[in-house]
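Next up: some structures, all given as structure tokens.
Two complexes are shown next, each including chain A; its partner changes from chain B in the first to chain C in the second.
Entry: the complex of A and B
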């Protein structure tokens, strides 16, 4: 008998968190006389901001079963997939041009996707892709923990997720062994309480095959070795030269299959009314995601924006660029097109987005750096209540 | 790229020049565009010779004095990517210092030609010839050839550009030249005229791999495990194709210049009827050939086979020339500590190449001439006698010998 848990996390902010959860599962399983392994897999460096990366925990009754299960690159039929940031429910894209892949892709039929979120399951299901089989969505109420940038700030998310897993997959780890492992590892009764509360409070909703985001995930076939260009050469992507005043030469286009936006936890919302067209966002964006509009404004292309927040940091006009929680958006539509079409509607939309504290208070951006640390004690009080 | 040469000789001529100066003449004739330099003995004589050609107006090329060997190889790597014919070189630990840049060159399919003036690796600090420096690229996708004479150095440099820049290959090529014995010995060398060379060596055309604003490409991306193996397989395929391209190049070279008509991969000396054969590469052929002549006078059927291309390794030619011998002795001017039988690099390569022969000869490892130590006539006799005994008895008492070491 084997069981496996996948933790999908945001590179750098949540690397320590992901590792603590999968380590905790193995330590708890050992309490039950099982064996286990905790390990990481990543498409891009887990040291890069926001990159979706993974930690896995596999537990088994004996070494032989464990080895049998591990003779593959990564577990593909997880009992529980944990998304420690709810914006990961929109999908996961590693950097290697694989397109956006569903959060529940590696969840086994009948398995559970567990996420920490302030959103309702119905809201989250707008993001989560459909699956051929039935599965469950479990929500542990709470904001995403971005506590692990360089120094891990303990907000109990690790043990809360462990407690929830004990509830969702008792055949992998039981609550008693989770509690015992927490006590051994951290010697903190309060953390044990957090785990128990999470065990009690996690809410689960069954999801049928006809529920969820109907978007078809990107599909592709890897080329044969003789089909690939030799010499590590990747041709540039030209775009049509339909720009007025264009005098020839080469204008590169964006890679149509490498969207980057799965990296995003927040997105820039731009007030075109007060923009002075100073060019700083366009110049400084590390992903060249700003398109110049015919009016000389700068429209952040949401397929290419990785949500780093540099534009907000360099913009000299107050409230012209505001980073807003990615969870507050349902699509990647052009903000400028919306603005052009109906300025009044855009202005009220903008107001709703940037004035909502729930969606603008995220803790790894440039503006709010350090804020999370201040709030950790309050969070712990809340979750152990 | 265009080149204006002032004093380029129009007719073939003979010049009394060193192995390094002969390479420099080949660079002039190949019309190289970019050369980088950083001094280390014994390679540095080639950079001096190239500097002289440029200052005399005989060669028009960018001559860049780099800040280190690593920079040296990085600079030519990039120059090659934008379409320049490039040359570079080093010796011993200098070559090792550049290794990060050297290692990435084959996968980028940049046809760089480099000279390794073979030198013992530090420590101890030493100048003498040892092959371990150049051998470090043995597994990386570099073509690797060793030359014996200044004439062969000049000819091989021309051939190296022709093969490396062939679209079917596009791999870098390192020419191993024994430090001091070859790099610093002056002999008469036939230097062909430029017209003949132009006939032999087409312009470097990088085609759709050219890094240029009119051909926008990305090169050297970061990839993951879904791509690396296919990229390595492409390198493997290019190295397999190099064999045929080398054969073509020697055939054309012979037609145009009247030299290099023999086997491109191995030089065979009195080996056809030999009971025992010594096998090695580089300048040790001189004492070995002389020693063999003496032994032949005494009635011993000893022969010599000199390996000219280590990568791609000429398995069929090696099998063909050695299959009739009873015993083969591999003289390694290198070491590979802890390798099978404590033999060295060439020994293990050769033993592997002969494995599939139905009647394979015994193979004995001789480590000899390290750090520039002379391979003496007495050593040649000693090695031959060991082989003759193996041939006679059919028994290998000891697979490996250090020849010429005190004690």
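Entry: the complex of A and C
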């Protein structure tokens, strides 16, 4: 018998975390006399900050089963899909993937999607796409870990996920073996406690085929190599998109085969009332995400924004551009259109987005040196209580 | 007898007069697979914007090749072609020469076309230095070579390059218990080196995308002046420098304000500092490098002693180098005396 777990994580920021989880699964499985392998997905390499990537763990009763299972590109029927950042529930648009892959696409029927989140399962189901078969959504309470690549700021997310997996898929790894593996690997009783608490605290909810985000994820077919032009030449992007009623405005041509819906962990919300049209957000955006509106405002286009926050950093007007947690949004609609249509509604929407710190506050974990390390102490106290 | 060179005219790209006067079109647009807050992507965008639609761009291997042109997916609006890691120089010469021949043979319309070849610090300062050097000796072709320097092989997950600053944490130089600092080399000053060694190259500049307008105007200058030109851009890299992507812009500014990255241009052999570096060169106080270093995870292991050493090296550059940022040579006593004597003679003659 084989079991497989996929961990979907934010490239670079959570690379070490992803590896520690899948490695931990294999080490625990070995305690039970099983064999296993932990590996990253080749197509995700080289990783980019924030772009979703995957790490897998496959365990089997014997070497032969393991080899048989691995004779495929990647595990496609995972017992558990782990999203170590809840905004990944909106889908996975990785390096290698063209189009948006629902988070539960590679979860086997009846399998579990496990995510670390402060949101309720119902809120998360607004993001997770529908699946033909029944599946479960498990939530482990906690913020998205930004433990980092270089200096690993241990916030116990690795062992908490391991503990939760032991509960959700005991046929892959059992709690006792997870505990033993953690003790072996890190010699830290507190980490073992974290895993055990997570085992007890993880909450699961069954999801039927009629539940979840009904939106069809965006996808397309790429031409095969023999369909390309001589010399493998491909057409460039048109310089401009014509938008009806946008005379005087400008929307640049955009790459139709890579949108950044799933790369964002935050998005800018803009107060058009106080905007001075200084051009800086538009000019300094590395992703050319701003459309120039006919009124000369700059509208962040969610097809292109990857949520870096440079617009907030360069904006000279206080509170004109605010980065808000991506989890707080249900669609990718144009903010300027909303503003044009009904200014008052927009203003109250904007106010809600900015002021509701509980759901909207978010940063990349290391804006200030040592800040995350300080927060980690608080997190660990909380998860081991 | 010297034969006259045939040099094609260049486009007359006038300097932008301000951010409000910028052209609205993007020739490197969205949908590239770079990191959040990638400053090099911004360099590509600004470079393409400054160059305009009649431009051919060549890119050697690196982030800006791999991330921007994955299988059948691209963000380029203008024609772009990949070239090998060390060959941005040869690709630039070849393309410019090819266009010239095609025009001479009336195969394509006669018009000035910008040729830009870009390379990363690995492709430019490490592998491609000889080909860039060779390219800069061809006065009969018009092209620009732009090196986007993010101070490591960031594409393949941060290996050390010759442009990695002292002490930085890379996959080749992780700090450990036995040795805190594994990388003890100081980075090369490529722009100065190329300017000093290539008399036919009429324009060399250093730029920083945090100062977008100044940067674009340097690109325009390089494309307008004619002949081979070179621009070196310092690009903060959230992946390799390990900082929050929101800080990309601030770090670009801090690099200049702390004096780590002097902005200068050398036009027809005459050097001048510009932007904030102008004030610094005239003696205005620099910000302490500590502010710049401590924002980056790659220097997280630095002790006060290391920061002090870094500061000392930067001070040395501004105080002692013949030209800060460009020429790391001091004048010997003999030359100093000679110059003093010559000055006295001039003064005496005038008197």
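One rule holds for everything that comes next: the second predicted complex is superposed on the first by the 342 of 385 C-alpha atoms of A that agree within 3 Å, B and C clash if a C-alpha of one lies under 4 Å from a C-alpha of the other, contacts with A are read in each partner's own complex, and residues count from 1 in each chain.
We adopt the following convention: a contact is a pair of C-beta atoms (placed from the backbone, for glycine too) under 8 Å apart; a residue touches a chain by one contact, two chains touch by 3 or more.
Since the structure is predicted, the reported quantities are computational estimates derived from the model, not experimental observations.
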Counting only touches as set out at the top, which of chain B and chain C does A:252 meet: first, second, both, neither? both
A:39 in the overlay: touching chain B, chain C, both, or neither? Say first, second, both or neither. neither
Go through the superposed model and pick first if A:303 touches only chain B, second if only chain C, both, or neither. second
In the superposed arrangement, which partner chain does A:222 touch: chain B (first), chain C (second), both, or neither? both
Touch test for A:234: chain B only (first), chain C only (second), both, or neither? both
Looking only at chain A, is it chain B or chain C that touches more of its residues? C
One more residue to check, A:186. First (chain B), second (chain C), both or neither? neither
Can A:51 be said to touch chain B (first), chain C (second), both, or neither? second
For A:283, is the partner it touches chain B (first), chain C (second), both, or none of the two (neither)? second
Using the superposition on chain A as set up above, list the residues of chain A that contact both chain B and chain C. 95, 222-223, 228, 234, 236, 238, 250, 252
Chain B residues within the chain A interface of the complex: 107-110, 170, 208-209, 213-214, 216-227, 229-231, 233-234, 237-238
Can you tell me which positions in chain C touch chain A when the two form their complex? 19-20, 22, 24-39, 41-42, 45, 53, 66-67, 70-80, 155-157, 169, 209-210, 212, 238-239, 242-250, 294-295, 297-298, 300
Which residues, counting only chain A, touch chain B once they are in their complex? 43, 73, 94-96, 222-226, 228-236, 238, 249-250, 252
Name, in rising order, each residue of chain A that touches chain C in their complex. 11-12, 45-51, 95, 98, 148-151, 222-223, 228, 234, 236-240, 250, 252-260, 263, 278-280, 283-289, 292, 301, 303-304, 306-310, 312-314, 323, 363-367, 369
